[in-house]
Amino acid sequence: MHPKHYCGVFGIYGHPNAAELTYYGLYALQHRGQESAGIVSSDGKQFRVHRGMGLVSQVFNGDILHGLVGSMAVGHTRYSTTGSSHINNAQPLTINCRIGPIAIAHNGNLTNAAQLRDELEERGQVFQTTVDSEIILHLMAQPSLNGHHGNNLLESIRRIEGAFSLVIMTENELIGVRDPHGFRPLCLGQLGDGWVLSSETCALDLIHAKFVRDIAPGEIVIINQDGVKSVQAFPEQQRRAFCIFEYVYFARPDSTIAGRNVYDVRKEMGRQLAREHPVDADIVVPVPDSGVYAALGYSEEARIPYEMAFIRNHYVGRSFLQPSQLIRDFNVRVKLNLIPELVKDKRVIIVDDSIVRGTTCKARVNTLKEAGAKEVHVRVSCPPHMNPCVYGIDFPDRNKLMAANYSVDEIRKYLNADSLAYLSQAGMVKATGLGKESFCMACYDGDYPVRYDPKADKHIMERRRARVEGFGEALAKDEMQIKLL
Amino acid sequence: MHPKHYCGVFGIYGHPNAAELTYYGLYALQHRGQESAGIVSSDGKQFRVHRGMGLVSQVFNGDILHGLVGSMAVGHTRYSTTGSSHINNAQPLTINCRIGPIAIAHNGNLTNAAQLRDELEERGQVFQTTVDSEIILHLMAQPSLNGHHGNNLLESIRRIEGAFSLVIMTENELIGVRDPHGFRPLCLGQLGDGWVLSSETCALDLIHAKFVRDIAPGEIVIINQDGVKSVQAFPEQQRRAFCIFEYVYFARPDSTIAGRNVYDVRKEMGRQLAREHPVDADIVVPVPDSGVYAALGYSEEARIPYEMAFIRNHYVGRSFLQPSQLIRDFNVRVKLNLIPELVKDKRVIIVDDSIVRGTTCKARVNTLKEAGAKEVHVRVSCPPHMNPCVYGIDFPDRNKLMAANYSVDEIRKYLNADSLAYLSQAGMVKATGLGKESFCMACYDGDYPVRYDPKADKHIMERRRARVEGFGEALAKDEMQIKLL
Amino acid sequence: MHPKHYCGVFGIYGHPNAAELTYYGLYALQHRGQESAGIVSSDGKQFRVHRGMGLVSQVFNGDILHGLVGSMAVGHTRYSTTGSSHINNAQPLTINCRIGPIAIAHNGNLTNAAQLRDELEERGQVFQTTVDSEIILHLMAQPSLNGHHGNNLLESIRRIEGAFSLVIMTENELIGVRDPHGFRPLCLGQLGDGWVLSSETCALDLIHAKFVRDIAPGEIVIINQDGVKSVQAFPEQQRRAFCIFEYVYFARPDSTIAGRNVYDVRKEMGRQLAREHPVDADIVVPVPDSGVYAALGYSEEARIPYEMAFIRNHYVGRSFLQPSQLIRDFNVRVKLNLIPELVKDKRVIIVDDSIVRGTTCKARVNTLKEAGAKEVHVRVSCPPHMNPCVYGIDFPDRNKLMAANYSVDEIRKYLNADSLAYLSQAGMVKATGLGKESFCMACYDGDYPVRYDPKADKHIMERRRARVEGFGEALAKDEMQIKLL
Amino acid sequence: MHPKHYCGVFGIYGHPNAAELTYYGLYALQHRGQESAGIVSSDGKQFRVHRGMGLVSQVFNGDILHGLVGSMAVGHTRYSTTGSSHINNAQPLTINCRIGPIAIAHNGNLTNAAQLRDELEERGQVFQTTVDSEIILHLMAQPSLNGHHGNNLLESIRRIEGAFSLVIMTENELIGVRDPHGFRPLCLGQLGDGWVLSSETCALDLIHAKFVRDIAPGEIVIINQDGVKSVQAFPEQQRRAFCIFEYVYFARPDSTIAGRNVYDVRKEMGRQLAREHPVDADIVVPVPDSGVYAALGYSEEARIPYEMAFIRNHYVGRSFLQPSQLIRDFNVRVKLNLIPELVKDKRVIIVDDSIVRGTTCKARVNTLKEAGAKEVHVRVSCPPHMNPCVYGIDFPDRNKLMAANYSVDEIRKYLNADSLAYLSQAGMVKATGLGKESFCMACYDGDYPVRYDPKADKHIMERRRARVEGFGEALAKDEMQIKLL
């Protein structure tokens, strides 16, 4: 079970087929969130919205896209931890306020959400969802201090902390925002006379848009009829903190981020892993699909044949059913089936990109041994995950992270593997071709670039609850004319 | 085509089956709105919400009701002019704010909505729906002037104008509010140790709740663990203005409002109509179902036999389809079919409760004549509708109201009827047994109890639009560090 | 709870809007079956079919009707005892066979179905549904004895026994068939150059078709490009046996059957009831909607005022939910609510058209007494139901028929009524204006016009089951080359 | 666009979770048909059926599986050329007949279907679907010549010609049948005390069943309480004709057929291709997923690095939408996106398993060239497809098969490739490790093992139509008593 992504964002300005192109863009970003999808279009006069639970292809059809008229659109794919009842939380969020209608698509996680929400509620703001992205809209809707209408975008962005790649749409502008650490990717493309914002470059490729550049950490990009303007919202230099796990697992292999192709990086991680942890064996077997590129790199570097002994069933989707407890252990096999002939009497290296809880990996090792593999060597193309993420990735709690609780040798024994080795932190960084200072690696090294205090949150929530005194009592204290019934 | 209702509201406090009872209550109030339905329950800790488009029986099922746990609930049935895409506007509305979660169910129409919304947006409030009821929640969420938490319910209610019967639920209270003119009905009932608020008494009957009393115009009723408290929010005496059309058409005949049973009132209107406009005829035929009670009264008073010559097809619902233009004229007959044998060679009096546009009535008269009726006399159990309603009823514009544009004799000729007569305004009031000063009869007499200025609304909307200047320009004026791309 | 109808049938020949007109026709026949609906159209070359579970308005939409091209169509509404899984049993049934495609719509019940099916299966016929109507298609598909193709319609119809009003469509003909006893209604209408077959005349009225005549018992009507031909399939005179309960309850009041308008007959039954069982009382109250016409007749004859004290909720549909056992007794009230003011201190006569199990009636009497009625007199506009129906009506078993197990006085006590009286059999027949020899009244008098032996059925089913020996054994006996695995 | 499969079949006997295991089995066979799925279970007394349009995971849920009680079940996944309206054609088919209920799941295509259907209809048989599998049921239902009940399974199977792997369920037996040429796969497995029949071994693996053996061509296997019996239905030796395209494309790589693992065969085809058609190049790129195994073999044999430069979007399903003509050319890219960095300035070999129409391949070559590939060499791991399949695979007509109409060099030019080469027929056979006499290779070599005459079919259909004379005329000739209306 891999950690889940939180979101993909996409926006387009100045194209007659804005909603359809956004549909394609979301398709390419589907891997970043499969729980809900939404598109908001604008013709400069009216916003049109469609959101739904499910995959992009399930949420939209031709009639719906046809109804989303206008030459601007913003789209969102979302992963959420809860079910169909949370359609209210599906994005893009849309509101009406002082400066007109606004739509927002957000990838990331605000670390000062509770404090901001507390402050805004005290001022009388009314919240309709439980997602932190709604806070940004409320900040933007506040009256500007300097009396101008509409100019507190910058002030709003400077108030929020944490991870945020945003695409915002107003009646006549498309705005891209990336937090000052650059936790999540966001890039700019050009399509004819129009402009595109996207979480990843693979969405630009799909619609034949030309990649222009990554949005810089801390940058705000405003696209309107005058073209593209850029504002550096956080001029003082801050530490960069791009999520290295995007290279390891999240981003699509055909995307390029910070100038490095993801496929290339993953294959190099495999090569580096082979250099760090060689082992004498007969075949290298990837765990599809997450381990294929690293396994290919390992195989090339180690000059050991590559065999795709695990076959993935492409029809296994979110809706897969576990009809009974009795036969639940079939489910590991539903997704991946082993070809026993390929591994019998062989010394096997299996390569995957992470071991989070260990249960699935243990099942794979077991299947290999049952099929007659002489030795099973597990190689992981990143370091052990020791810490949860507070910037938008749904890792399990620390007490469920295998590597946070056991030594490598204890894990090896649990997996029943003949050897187990992880890529080193330095090796992982080296494979990216970029410097360590570019990355957030908090899930590996515990060094969190932006402070986040869950206790503060809890305190705020408790205070808030205590405040609800009841109207009856309040009225009574005011000594209104009270009649007992 | 009758004018459409806007809403039915229902709430219950202190019963273990709160959501199920609300389901039944909404069932009894289904005639007040068939476009969407919703229930919000509370167990004192958490709100649970379910809303959907369609009839109460389509929106809810056993699993959903089972999930709406708690001993408090508020429900709403709604008529809206737009389609399925407006699920966002379905009620009860729910929000989170300074004083915790609030749910609101609203029947009526605010006449100062645009002004209030304008003012609130200027203050930075963020609106997610286009319904005026959301304004009330924003007012309640504002910080209290006197520093108390939670005590601006009263201030909020005093700010809004127009027609409103509200059921509001907070984490631990159920609140009923009726506007100072008492446009729409609202009553209080008791069920065991629990309390019930409902638009009409028929919902109390269904769940075996005891009717306690009508909520008074301008009264706020707060129900919590200490029992029921009552506040008169508008102590200064105001004119009463109960919508007399509730007696004529809207309310269910088995409801009792202001001490008068609706069936009784309608039958009395028929008797009064017979006294005012007698005619020598063989049979009295009601237009089902709206004209049945007045026709019964007319028949009794005139001592002319009552014949149900029009048969209603009970399976005709909202979803009835008009497959082609060619055969669209079947549709009048789909709903009501005449039994020709009953009217052949007879002098027929048909009784209905209103003629709004005249087309349907003309079709009925025509059908009777084709079937061989010798004479057709049309009797209407209320006065001619001359004016639109601004307090929550969806009448057509004045230029589509037949009586506002033509004389009675012109209408008679259009209908091809041998005679046509309406109940007088005085006769209508007399039939209620109450005084003229109790009622709003603006749709008949043009005397609007609360001022409403649609031009002011339009002005505000235009001003609001002009204000959207765009973030890019605003930023530019602030002379931020702008880089051209 | 009334007994359920089994079906409505409709067909049209020679109209460019055949499917749309059939849709309207089924709408008018919706009261005869609400569980499924279907239409099959033909353009002379191809059949097009759409069937679904639910009401006519739920099963069809504009696109579907648009796709049902052709100038011929046959339609069916059905009541079935089982749920959505039985879409396979929805009608019209369609098959392909020796003589091309055939569609059939059937109202009624074959009494020799088991024997015929047994015989056909022995011959090697393959059945895909469990409905008896499929048997007719198999008979028609058999090779003709005299060597003609396609001419065994007559032979087929002569083989089947029981109740059947059929509309059959072949590639170029529309055929109407009524069984020799004429149990169920079927009539012929004309619409421009086209022809219409319908269970009831109300469907002709709706589409402005001219009523031509009832199909005679035992008659086959064949409509094709040469016009309408009639064959008397059973020339020898047989006893007529029209279901008198069609007049009492099933047929729509605006239909005319055998020259008698159903509304008229029902009102006359009420008058006759008043003559047979007068009682001194203050008001006559109908049980809506089934009792309204008889109550009107009773009121007129007895000169006692008619009050509609029970109010029917028109929004209660098939999908009404009973969320919990606790509050199930609300359900009687969900459908009908009493206006207590109308009955308080009154002597009340309530009129209904039947008492099947007695539970609902008991609840009504109880409600009246709770509301303060001084006396409650129950009058039923037909005789007591003593026997089940084997010709297509879903009555309960005899042991659940109240009147079959208790005396009238015992039932009165059970109902807690002050008096109880039923219309006599002679009075019922008299009210129709036709002779006793015209009717099947088996549910009242036990005289079944066509023999039906449920034991024979059971025997056949057991024999059939015993026959399933298994292929393995059969093969073994043939001494094939058997290899043990 | 690959040719579509027609079906996967699965059955289980003697397991308490029969339906759930069938669900898993169908999951593993999902690649053989994605249009509809169905399961029929039996508890020895009653059949329970559920069928639906869509993927296995969409058609079933826990409640449905729970309702499919019994220790026997048969399942089917189907590809059909028509849409959702053809639920009637979904399998397994179920009928009732002389020998009780029968369910059938069929993979393949009968070549004498029209003749048999013609003959059966002449005998009076009634057909409800248009699928040839229904014919088998009708044959089985015919009375046995020798007077035994139930023993014409063998006679029935001997009547049908063409390709058929069948799983048949009666009330107490599960029967597997494979046609005498063995066109389609079918195998037997054991699970505890129960038995399993499946199209492919991958379904046995998933449910942990032990593979026993392939069902032999011409073999009937009967499983009942006495165990497993085998009958050789066609004792005379016939030519074997297993579809070689199962090895090339259809079967899952983790299945083993005729003792050869499919993955192994495909990789060997790649090696053989490298031997037959070597070319000097920098990288070998597979077209996912169909070309991956052959590409791996090619890469190993040629010692040229393997690069997965095309990235497949796993979220592209059947429901993918083509919103507008304008941007339809995005769709090739929706499924596969190229990583341009990997191919720039490289000489690229792309390996796929077939070129059917050529359009997709042309798009791939084009994409590679646009990305800067210096040379593009296309290698196909099977010979050119020259002929349609009449045994159950939906190939396009000959005039749309590229290789049937153009020379290899013409195709190369059309593709804009620098070279193009196909695996030879001999090389393909050699890679399987089996003899040429084992296979049907008609789509490659035009040698059809079983005769099929489409003209005969057409003739039969025309004769059938001419026969429909109309009932009216037939009756007239019989000189029945005709009354003009």
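Quick notes on this structure:
The letters A, B, C and D name the chains in turn, as written, and every chain counts its residues from 1.
The rule is short, and it goes like this: a contact is a pair of C-beta atoms (placed from the backbone, for glycine too) under 8 Å apart; a residue touches a chain by one contact, two chains touch by 3 or more.
Everything numeric in this text was worked out from a predicted model, so none of it was measured.
When every chain is reduced to the mean of its CA atoms, the largest separation from subunit C belongs to A. Our note on geometry: subunit A versus subunit D, Cα centroid distance of 39 Å, whole angstroms. Work out the mean CA point of subunit C and of subunit D, and you get 46 Å between them. Note: centroid distance subunit A to subunit C, computed from Cα atoms, is 60 Å.
Subunit B has no residue in contact with two or more other chains. If each chain is drawn as a node and touching chains are joined, the picture is one closed loop, every chain linked to exactly two others. Of all residues in subunit C, only 85, 94-100, 121-128, 130, 134, 137-138, 141-143, 146, 148-151, 153-154, 170-173, 175, 212, 220-222, 224, 226-232, 235, 464-465, 467-478, 480-485 touch subunit D in the complex they form. Contacts from subunit C toward subunit B in the complex involve residues 17, 20-21, 23-24, 27-28, 30-31, 34, 55-58, 60-62, 65-66, 202, 205-208, 252-254, 256, 261, 263-264, 289, 292-293, 296, 300, 305-308, 311, 313-317, 319-321, 323-324, 326-327, 330, 333-334, 337-339, 341-342.
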